[in-house]
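Worksheet for the structure shown next.
Lettered A, B, C and D in written order, each chain numbered from 1.
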Amino acid sequence: MADLRIKIGPLEFRNPVILASGTCGYGAELEDFMDLSELGGIIVKGTTLEPREGNPYPRMAETPSGMLNAVGLQNKGIDYFEKNIYPHLAEYDTHVIVNVNGNTIEDYVELSRRLDELKAIPAIELNISCPNVKKGGMIFGTNPASAREVISAVRKVYHKTLIVKLSPNVTDITEFARISEEEGAEAVSLVNTLLGMAIDARTMRPKLSTITGGLSGPAIKPVALRMVWQVARAVRIPVIGLGGIMNAEDAIEFILAGATAVQVGTVSFIDPGAGTSIVKGIEKYLVEKEFDSVSRITGLINRN
Amino acid sequence: MADLRIKIGPLEFRNPVILASGTCGYGAELEDFMDLSELGGIIVKGTTLEPREGNPYPRMAETPSGMLNAVGLQNKGIDYFEKNIYPHLAEYDTHVIVNVNGNTIEDYVELSRRLDELKAIPAIELNISCPNVKKGGMIFGTNPASAREVISAVRKVYHKTLIVKLSPNVTDITEFARISEEEGAEAVSLVNTLLGMAIDARTMRPKLSTITGGLSGPAIKPVALRMVWQVARAVRIPVIGLGGIMNAEDAIEFILAGATAVQVGTVSFIDPGAGTSIVKGIEKYLVEKEFDSVSRITGLINRN
Amino acid sequence: MTDSVQIVYFCTQGGLMKKRIEDLTVIENRRLAESFFLIKVSSPGGLPEINPGQFVQALVTESPATFLRRPLSVHDVDRNMNTISLLVQIAGPGTERLSRLNPGEKLNLVYPLGNSFTLPSEGEKVLLTGGGCGMAPLLYLGRKISESGVQPHFALGFRNRSRILGHDEFKTLGPVHLSTEDGSEGHRGFVTDIPAFRDEKWDRIYCCGPEPMMKAVAAACIRRGIFCEVSLENLMACGLGICLCCVVPTTSGNLCSCTDGPVFNVNDLKWQTSG
Amino acid sequence: MTDSVQIVYFCTQGGLMKKRIEDLTVIENRRLAESFFLIKVSSPGGLPEINPGQFVQALVTESPATFLRRPLSVHDVDRNMNTISLLVQIAGPGTERLSRLNPGEKLNLVYPLGNSFTLPSEGEKVLLTGGGCGMAPLLYLGRKISESGVQPHFALGFRNRSRILGHDEFKTLGPVHLSTEDGSEGHRGFVTDIPAFRDEKWDRIYCCGPEPMMKAVAAACIRRGIFCEVSLENLMACGLGICLCCVVPTTSGNLCSCTDGPVFNVNDLKWQTSG
C-alpha cells in the first residue's frame, strides 16, 4: 500500500486523480462504470451565470490520436445548477469542483461569489482558457494583464480553494502560472485544449461549425507534459497536470514532471472507467517501485 | 491535367510540394525512392556558419501519432557545405533552398550573405523557430522585436527569395507573419515543431538528452492547419504550410486553408517516397474535382 | 452517493438503464452485400435489457486512424443465444476494421446507450422505413413491435439492386416494400414514393436512414399528421452525454442525440420544417 | 541529376547500395522461444544484394502505438528461395504486432540499410559473439564468412536455459559455445567468461547484443589488441541518414548509426574506454 493522498491548498484529496471539466458531465453519467468515491475529485461541466446553448453542430472532429471540440460551454447556468444539480452533487463522497466561465470579469466574480456559498463545493477551477467561445474564455488566458485582473477579482470574493486553469496557446505559460500564484491561487491546472482546426478535403469545408476548436487527447500529451514541467519549476503552488492522459503510465509521467495531481479528460469518452483504473495503476506502480507515497515521485525528474 | 505551378515571390515552382528541412538530408538520401525533379523543391538541412555536433544521444522519442526530436542543428557548417555539398546540389533539377540558422543576428546575416552568392540556391528559409538549441533559434521566433531585427538585417544582404520559418510556440503567430511581411520576406513557412517532452515512466527519466524537444507528425496537424489558416488571412505574401502532412489529402487541407505550397517532413521517415506521391495525389484530386489549377483551391474555405 | 437514476440533467431516458463496458465475443461476421456486414457478438455474462433504437459504442482496436469509439445501432438481439447483431456499413477505417473481425475475437462495447422508439398501442398500423445501414435498428424494433401484438410493415429504400440487403428476417415479421432509386427492383424512387407509404393510412411511422430520407419522411408525416420518430446518426464522441458534441437543435434547445436520442419525435426537431 | 553514389555527406558506406521500399510476403512466422519469433519474408521481384550486418526498416501496420518504422537486422538470406529471415524479440507494441504476422500477409520494408561487417581474410580465426536478439545479424555474417572460406566460431550468451534460442543453423556453420548467466546450460556467466573467448587467440571478434555485453567484449578486444566490430542498436527514426537522431559519438564526431553504422570498429567509438 502506498499513500496516495495529496493536498491542494488546504484541501486534502484521497488521491491525485481528478476528472476533467467538460469530459465527465456531472459525474452521474459515469457512475455505471466506476465508483466516484474512489477518485480524488471531479470537476463538473464548465458553468456560466446565464444558461448557454453552445455552438452549432458539428462540434467534434476526430484527429490523429486526438479530437477537436467546439462545444462552447453549453450549460444550464448557475441558477439551474444550484437548484437542480447541486443537491445531488452535495451527496457525493468525493471533491466536487466547479469549472467557472464568463464573458466579463463581473461574470467570473459573480459566479465565484455564488459558488463560494455552496458548502459542498470546496474549490473552483477558473477557466481562463476556453478556446471555444468568442468572448471571454481564452482572452483572459492569453493576456497577462487580463489574467491578473480576473484572478485578483475572483480571489477577493472566493474564499475556498482556487485553481486557475491555464491555456497552452501562449508563448510562455510560466508567466500565467506566476501571475496565478502572485494573485493568491492555491493551484494551477494545465493544459486546456490547444487551438486547432480540421478540414474535410472531400466537402472542402471546415469540419467544425466554428472552424477552429480545442484539441485534446494523446496528440497533445508531449506539449502538456513540457508545460507542466516548465510550470512546476516556475511556481511553488501545486500544479495539476492534464492533456492526453490515457492510462496510469501517462499520469505517472505528469507526476514525475512535477504535477501534484492529474486530470483525466478525453479518455473517459473511450474508457468511461478510466479514472479509477488510473488510481489503481498509480498505486501499483508505487508499490512495485517501492515508494511509500505518491509525493515521493512528484517532480522526480528534476531531483536527480 | 491540372496546372500545379505556384509562385513564391519571383520564383516559380513546378508544383507546391517541397521537402522540409531536417527531414530530407541533402536530397540525395531519398533519390532511391523518388525523382527529386518531380518535386517543387527541397529545403536542405539546417545550416550554420560553423560546424556543429548537435545534441547528445538520445535525440528522438516516439509519441502518439508523432515524434520528438532534439537534433540540435548538427551540420558541417557553411564552408564544408559550399565546398563539398553545394556542387552536387547545383546539378539538381529542382529548387534547392537552404535553411539558415544562427546564434546571433550576425550569424544569420553572414550566412545569408554567403548563400546569396551561391547561384544555384534561389531562396533561403530563415529558421527563427528551432526549439532544440540553447542560443538563437526559437528566441528570435518568439520575440517580435528580435524577429523583426533579424529578418530586417538578413533582408539587407539577401537579394533572392527570402522565406521566414515561423514558430508555433507563440500566442499569436500572425504577429510574426506580419513582421515578416513588413520586413520584406517573400513568404512565410509554418509550422516548425511544437516544443514538447517525453518521460520514460520505467526509468523515471526524460527520453531526450535535452529534456524537451520538437514535436512533429500528424499529432500537430490540427494546430498547424489552424495557424496556416490564421496567417493566410493576416498577410498577403504566400504561406507555405506544414506540420503532420502524411498524404495528398493532408496537403490539400493545408491548401484549402490558404497555403500556396506545402512542405512534407516527418512522413519521409516512414514513406521515403512520400514527396512525389503527394504531388501525384494533389493532381488526381484536382482532376477529379475538375479544377484546372491548384491556385483555384488555395484558401478556398475562406471564399465561400 | 445517490442513485444515478434520480439525477437527470440532459438525459431524459437514456440515463435510466444501467450501462456497462464489456468484452463480447464475435460469433459470426457475414458479408451481406457490397460493403455491408452482419456481426454477431455474444455477451459472456448475459445481456442486459435492451430496447429497440438503442445503440452501442464499439471500441475499434488495431486501427491507427480510429481514436474514438464508433456508435452502432442494435440490429437484433437474441436472448436465447445471448447475442447482439450489428449491421455495419463500411464508411471509413473504423468500420472497415470491424468488417474484418474474426469469430473468436473480442469486441469491446459500451452499451446499451440512448433512448428508444416508442412502441405502438394495440391495433395501430405502423410502418418502419429506412435505407442502407439505417435499416439497422428497424429489425429489432420490428421484432419488439411484433412481440407486442402489432404487425409491423417495412418500407426499405436502396440506391440500386446491387445494394439491396437481405431482408428475409424482416419478412418473417411483416410485409416488406422495397424501392430503388433506379427502379432496378421494387418501386422506382425513394421510400416516400412507395405506394404503401404514400397512400395507406398509418398511425405511426418510424424512420432511420440518410438525413435527406428522414427529412422527407418527417415532412410527409407532419403534413399528414402521422406520429413519426426518427433515429439520428449525429457524430458522437462519448455516447454517454458527457461531451455534448452530438447535439441536435430541438424545441427544448440543444439536446444530446446520444442520451435524449438517438430517437426523436419529428415534432420536437428544429429541422422538421426544412425537410 | 548526379548519381547519388558520388554524394557522401555523413554516410560512408550505407549510401552505396540502392535502397528500395517494397511489400514482401510473409512465408513463415515461427515462435522460437519465449518472446522470440523467426519471420521469413519473400521479395516478389527478387532480392537485391544484401551484406551481413545490414538491416531493414519494417512498417508496422494496425498498431496505433507504432508511428515510426522498426529497424531489424537481416538474420539470414536465402537466395534460392528469395527470402529474408528476421529474428524478432517482442520489446513493445511494434514487435508484438510483427510477431502476429500471418503467412500471406504483406510486410513493407525499406532495405537494405546500413553498412556491413568487414569480412575476414583467408586463414584468420574469427569469433562471432552475441546474445538475445543480438544474435540476429550473426547467422548471416557467419554464413558469408563461411562462404568466403573461413570457419566462423560462435559464442552465444543467454540469461538462462529457457531463453536459449535454437542455434542449429549456427552449428551447421561452425562450433557454437554457449553461456548462461545462471549456468543452467553452457558456461556460467557472460560470453566473455566462455573459455574459448577468454583463452583462444582470435584475429577478429564480431559482436552484437545488449550494450553491456558489447562494451565488455570491446574492452577485452582493445586490451588484447583484437580487431573488433560491434553492431549498435541506437534508436532510429528514418534509418536513411536524414533525421540525424541515431548518432553515436566517434573519434570523427557524431556519426549516424544507420548509415555510417550500425557496424563500428570499437576503436572508433567513444565508449571504447568506458566499457
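Keep this in mind: a contact is a pair of C-beta atoms (placed from the backbone, for glycine too) under 8 Å apart; a residue touches a chain by one contact, two chains touch by 3 or more.
Quantities reported herein were computed from a predicted structural model and do not represent experimental measurements.
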Reference chain A; chain at largest CA-centroid distance: D
Between chain C and chain B, distance of the C-alpha-averaged centres to the nearest whole Å: 47
Distance between the centres, which are taken as Cα means, of chain D and chain C, whole angstrom: 55
Rounded Å distance, chain A centre to chain C centre (Cα mean): 35
Where chain B touches two or more other chains at once, by residue number: 63-66, 217
Residue list for chain C, restricted to those that touch at least two other chains: 64
Topology of the chain contact graph, where touching chains are joined (line, ring, star, complete, other): ring
Chains that touch, pairwise: A-B, A-C, B-D, C-D
Residues on chain B engaged by chain A in the complex (per definition of touch): 63-66, 68, 142, 169-172, 194-199, 201, 204-206, 211-212, 215, 217-223, 225-226, 229, 244, 249, 252-253, 256-257, 285, 297, 300-301
Residue ranges of chain D in contact with chain C within the complex: 61-64
Interface residues, chain A side, partner chain C - complex: 22-26, 28-33, 35-37, 53-54, 56-67, 69, 71, 74, 76, 84-85, 88, 91-93, 217, 266, 268-273
In the complex, chain C residues that touch chain A: 1-2, 4, 6-7, 9-11, 15, 18-21, 59, 65-69, 110, 234-249, 253-254, 259
